[in-house]
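Look for chain A in each of the two complexes below; its partner is chain B in the first and chain C in the second.
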Partner chain A sequence: MERVECIVVGGGLAGLSAAYGLAEAGVEVMVLERGDYSGAKNVTGGRLYLKPIRDIYPELWDEAPFERPVARELVTMMAEGAHTTVEIASDRFTAGAPQSYTVLRARLDQWLAEKVMEKGAMVVPNMKVDELLREDGRVIGIRAGEDEIGADVVVVAEGVLRLLSSAAGLATQPKARHHALGYKEVIELPPGVIEDRWHLNPGEGAAQLFMGECTKGMMGGAFLYTNRESISLGIVVGMEDMRRRRDGTESWQLLDEFKELPQIRPLVAGGTVAEYSAHAIPEGGISQVPRLAGDGYLVAGDAAGFCLNALVTVRGMDFAVAAGHLAAEAIKRAKAAGDFSAAGLASYEGSLRSSFVLRDLETARTIPSFMENPRLFTHYPRAVARLLESVYTVDERPQDGLVKKAWKSVRRDFLNVATVKDAWSARRI
Partner chain B sequence: MPMKIDAKLGLDVFKLDKEPHIVIDTEVCNTVCTDDACLYVCPADLYERDDQGRMTVNWEGCLECGTCLICCDPRALSWKYPGGPYGVQYRMS
Partner chain C sequence: MDIVVCVKTNPDLEMVRVKDRVAQTEGVPYKIGDLEKNALEAAVALREAGAAAKVTALCLAEGNRKAAEDIKTALAMGADEAVVVDDPALADPDEAAVAAALAAAVKKIGACDLLLFGEGSSDNYTGQVGARVAELLGLPQIGYARKVEAADGAVRCERSMDDMIETVEAPLPAAVTVVSEINEPRIPGLMQIMKAKSKPLQVWSLADLGLEAPAPVREIVSNLAKEQDRKHIVFEGTAAEQADAFVDALTREGVLGR
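Showing the complex of A and B:
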């Protein structure tokens, strides 16, 4: 059996980040990527929060092929036929070093794979791993078709479906309740049109999330990110809610119906759809994080469930890069000690716990169950839109004063047993 | 008029495998399954019942998201990623 010091399964952000750190330290590392190139099988909404990871590989990011730094954040609450949008445009989102960028994965991951190879790691495309090889409970390598490759340690960055780790008994199979389906269209638009439509300075970007009617009451929402010469427009919908739906709605129709809304049509007008993509999203939070290290292996990225949907901020790629880096650090320590057992690799979990990855997931522990409340995706967005609609409405009848109009709406939609209960359960998030 | 789902899939680059990466145990669909979730959770609309009532999947247009696998409680699907150079190859996303 051929051998290398370290095999990384999956050439996405977690795997490549681990390989970068390892190659830099002179560890012999081989990344196995099943796509034609890194990013070929990846999908993001998407936006990368760079701020949390900028200092991890500080020399790396200046040349990264990001799309646009996000200068404007918008969240749109939708009732039937009426939308209201809250917006924040802040100098502090972009001043100096922008906190986040819109990205397209095929570009970003391919670039990072190049950087990893420059550091001396092998990145092998078109190589699907079929099995994690185990001996006496220890992961000793991988099998890809007829080929078996041995390694001191395997970084399992196989992605959200956990096909290999669940088959090897290292993780449970993904459940609908803990996952969402995300899918999108990349729609090409000229940069000037994008900047006009979202009121952006040249080169700057916007991120817009939508809640309410777009998912027909199911957990989730719609998203829109402006890229350089396109927008990513898509839907996220909880799999459990989608599966239980019996009214004939099919998942893929939600985006078409959304695009046809009179409030959305002008945003996509004149655009050309260039790509259609879909991916599963791990939304179970920290309670669904599997064992992170064992004899001969570490888990990182989506395979580890490192994803955090906190309604207005959605993170995962920054966690992937940070976890990959910490995996590399742990492997370097294990190599120095000559111990790749669970004990030798245990520093990985410890450093994740003191990093933002597990700290932020811990802080958000209750969010996944909070988000199972359907009123979040039906009643509240609708109520906010209706409240604004009512205070802006003028007709032939004698009008209530502004405060009275608003109060009527607030009393009807926000002051009842259900909403008080919701407010009480929200105090922990 | 919204774009047809087939037309959307037509924009993507696919490299066709010689054999399917999704195999359905129709027996399970017809005896254990109660909701036919695959018919409406798939974002590429690839599942349908044929004339004989057997569940089928047009796996050639698969986006490899795994939603059908995760949503199939009766475990009627034998689902793996397409091997080697095959399957969808996103150019942007």
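Showing the complex of A and C:
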């Protein structure tokens, strides 16, 4: 059997980050990516929180093909026929080194793959790995088509579906209830139009999230990120909620319907759809993280469940880069000790635990079950939109005083047994 | 017998999008052209059948800054060696410059009994390069080959013509341009891809070939298809009435009944 020191399965951000660190240290590494190129099949919403990973491979980020630094954060709460948008702006989002950037994966992943190759790793596109080879419980290599290649260690960075790792018994099969489904379009608009529509300084970007009516009562929301010459517009719904729906709504229709809403239409007007994609998102939180290292293998990125949807911040890409880096560090140590067994690779989990990856996932442990509460996606956004609608309404009837108007809504929508219960269950997130 | 296959890489056409009538190639990865893959496959098949000793893939980078990486696909498909001619002066060459560079490179490679090309490239398909190189090297050329056999110092090809198949023979050395019917190019497996890494690959500049930067002999004014004015005629009425009106309109335009 032909051999290399390390095989990375999956040329997404997790796999490429691992390969970069390994190649830099002179480890012989080969990345196998089933897409036509890295990034070809990868979907993200569109915002990378760079701050947590800026010190990992610091030389990389200055020249990374990011789209726009996010300067404006908008959250839109939608009722039927009414909505409220809140803007959150802070100099600290962009001052000095911006905390987050919008990104397009086709561009970002391809660029990173090039950097990885420059460091001396082999990145093989169009190469689907069919099996993780095991011997006495140890991962000893991979099979792609008819070819079997051995490796001291395999980094499993195959993304959310975990097809290989569950087939090899390294992880349980992913369950619908721990996943969301995302649909996304990249819609081209001229930069000037983008800057006008979202009130942006030239080059700056906006992130807008939508909650409420857009998901028809299902867990989830919609997102909009401005890129340089396009916007990424998408909708995310809980897989289990979608599966249970009996009204004939197909999940792919949700995005079309969202785009047709009168609040959204002017945002996308005149744009050309350049890209359409759909992808699953791990949302099971830390309870769905599989065993992270074993004899001859490590797991990183979405394959390890490193993804966190905290309602208004969605993170997965920064986790993927950080985990890839820590995987590379652990492999370097294992190589120095000549021990690629579970024990030799155990430092991986330890370093993840002391990094933001597992810390933030641990902090957010209760979020997935908290998010199972449908009122989050129906009642509250609607109530906020309705409250402000009533405060801002003037008609021929004698008007209640402002406080009275607001109080009526608050009493009706926010002060009842259900909401008090929700507040109680939210106290730990 | 040694074979040299001229291989062009071009932006992956499936990924090129058109915006405002201009092809957007920024960030689009390159790949080896389709007919060039047929030519490679033909060459490797000849070697596997014992008719050839060595197959060299020769690629002119033409602005593809990753040509030396992309040509490894040819090595994975079975070529024994690869040569890339990469020079800033040849970033966007015309066919004359391409042919001059390829001819010089073939000479520098030395041993070449059979020179294979795709009939035309996947992007521009000018179909000129094979014939031009053959002319510069003083080789007989066979075009539209759908079958290539080599034996006893000669190459025998079936040529795919519109309404017939022509069988012709030329003494070696010779140049042959192939069409897609000739074979089904193999998709290299991982093992082949890995082995390709250690096969010899050289990168030459124009100076290495003893050539000067070419003076362009063609200038592209526009390569856009002419924009069509649509008539915007809507036919109404029953199906039969619409059909009649449609035929009348076509006749008036001179499309029918000439």
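Criterion: the second predicted complex is superposed on the first by the 429 of 429 C-alpha atoms of A that agree within 3 Å, B and C clash if a C-alpha of one lies under 4 Å from a C-alpha of the other, contacts with A are read in each partner's own complex, and residues count from 1 in each chain.
Here is the rule we use: contacts are C-beta pairs under 8 Å (C-beta built on N, C-alpha and C of every residue); 3 or more make two chains touch, one makes a residue touch a chain.
In this text the structure is predicted, and so the values were computed from the model without any measurement.
Peer 1: Just chain B (first), just chain C (second), both, or neither: which does A:E185 touch?
Peer 2: first
Peer 1: First (chain B), second (chain C), both or neither: which does A:T44 touch?
Peer 2: first
Peer 1: Which of the two partners, first being chain B and second being chain C, lies in contact with A:R34: first, second, both, or neither?
Peer 2: It touches chain B, and chain C stays clear.
Peer 1: Quick one: is A:E146 in contact with chain B, with chain C, with both, or with neither? Answer first, second, both or neither.
Peer 2: So A:E146 only meets chain C here.
Peer 1: What is the contact status of A:P381 with respect to chain B (first) and chain C (second): first, second, both, or neither?
Peer 2: Neither chain B nor chain C is touched by A:P381.
Peer 1: Answer with first, second, both or neither: which of chain B and chain C does A:R107 touch in the superposed model?
Peer 2: Both partners.
Peer 1: Looking at A:P282, would you say it contacts chain B, chain C, both, or neither? Reply first, second, both or neither.
Peer 2: neither
Peer 1: Quick one: is A:P98 in contact with chain B, with chain C, with both, or with neither? Answer first, second, both or neither.
Peer 2: Touch status of A:P98: no partner.
Peer 1: Any idea whether chain B or chain C touches more of chain A?
Peer 2: After superposition, B is the partner touching more of chain A.
Peer 1: Is A:A274 touching the first partner chain B, the second partner chain C, both, or neither of them?
Peer 2: Once the two structures are laid over each other on A, A:A274 reaches both partners.
Peer 1: What residues on chain A does chain C touch that chain B touches too?
Peer 2: In chain A, residues 36-37, 106-107, 126-127, 145, 274 are touched by chain B and also by chain C.
Peer 1: With touch defined as at the start, can you tell me which chain B residues reach chain A in the complex?
Peer 2: 2-3, 5, 8-9, 11-12, 15, 35, 37, 39-45, 63-67, 69-71, 73, 80-85, 87-93
Peer 1: Which bits of chain C are touching chain A when the two form their complex?
Peer 2: Result: residues 12, 15, 17, 19, 27, 29, 66, 69, 187, 189-191, 193-194, 197 of chain C touch chain A.
Peer 1: Over in the complex, which chain A residues touch chain C? Could you list them?
Peer 2: That would be residues 2, 4, 30, 32, 36-37, 106-107, 110, 114, 117, 122, 124, 126-127, 144-147, 149, 188, 272, 274 of chain A.
Peer 1: Please output the residues of chain A touching chain B within their complex, sorted ascending.
Peer 2: 34-37, 39-44, 104-107, 126-128, 130, 145, 160-161, 163, 174-176, 179, 181, 183-186, 230, 232, 239, 242-246, 248-252, 256-257, 259-260, 273-280
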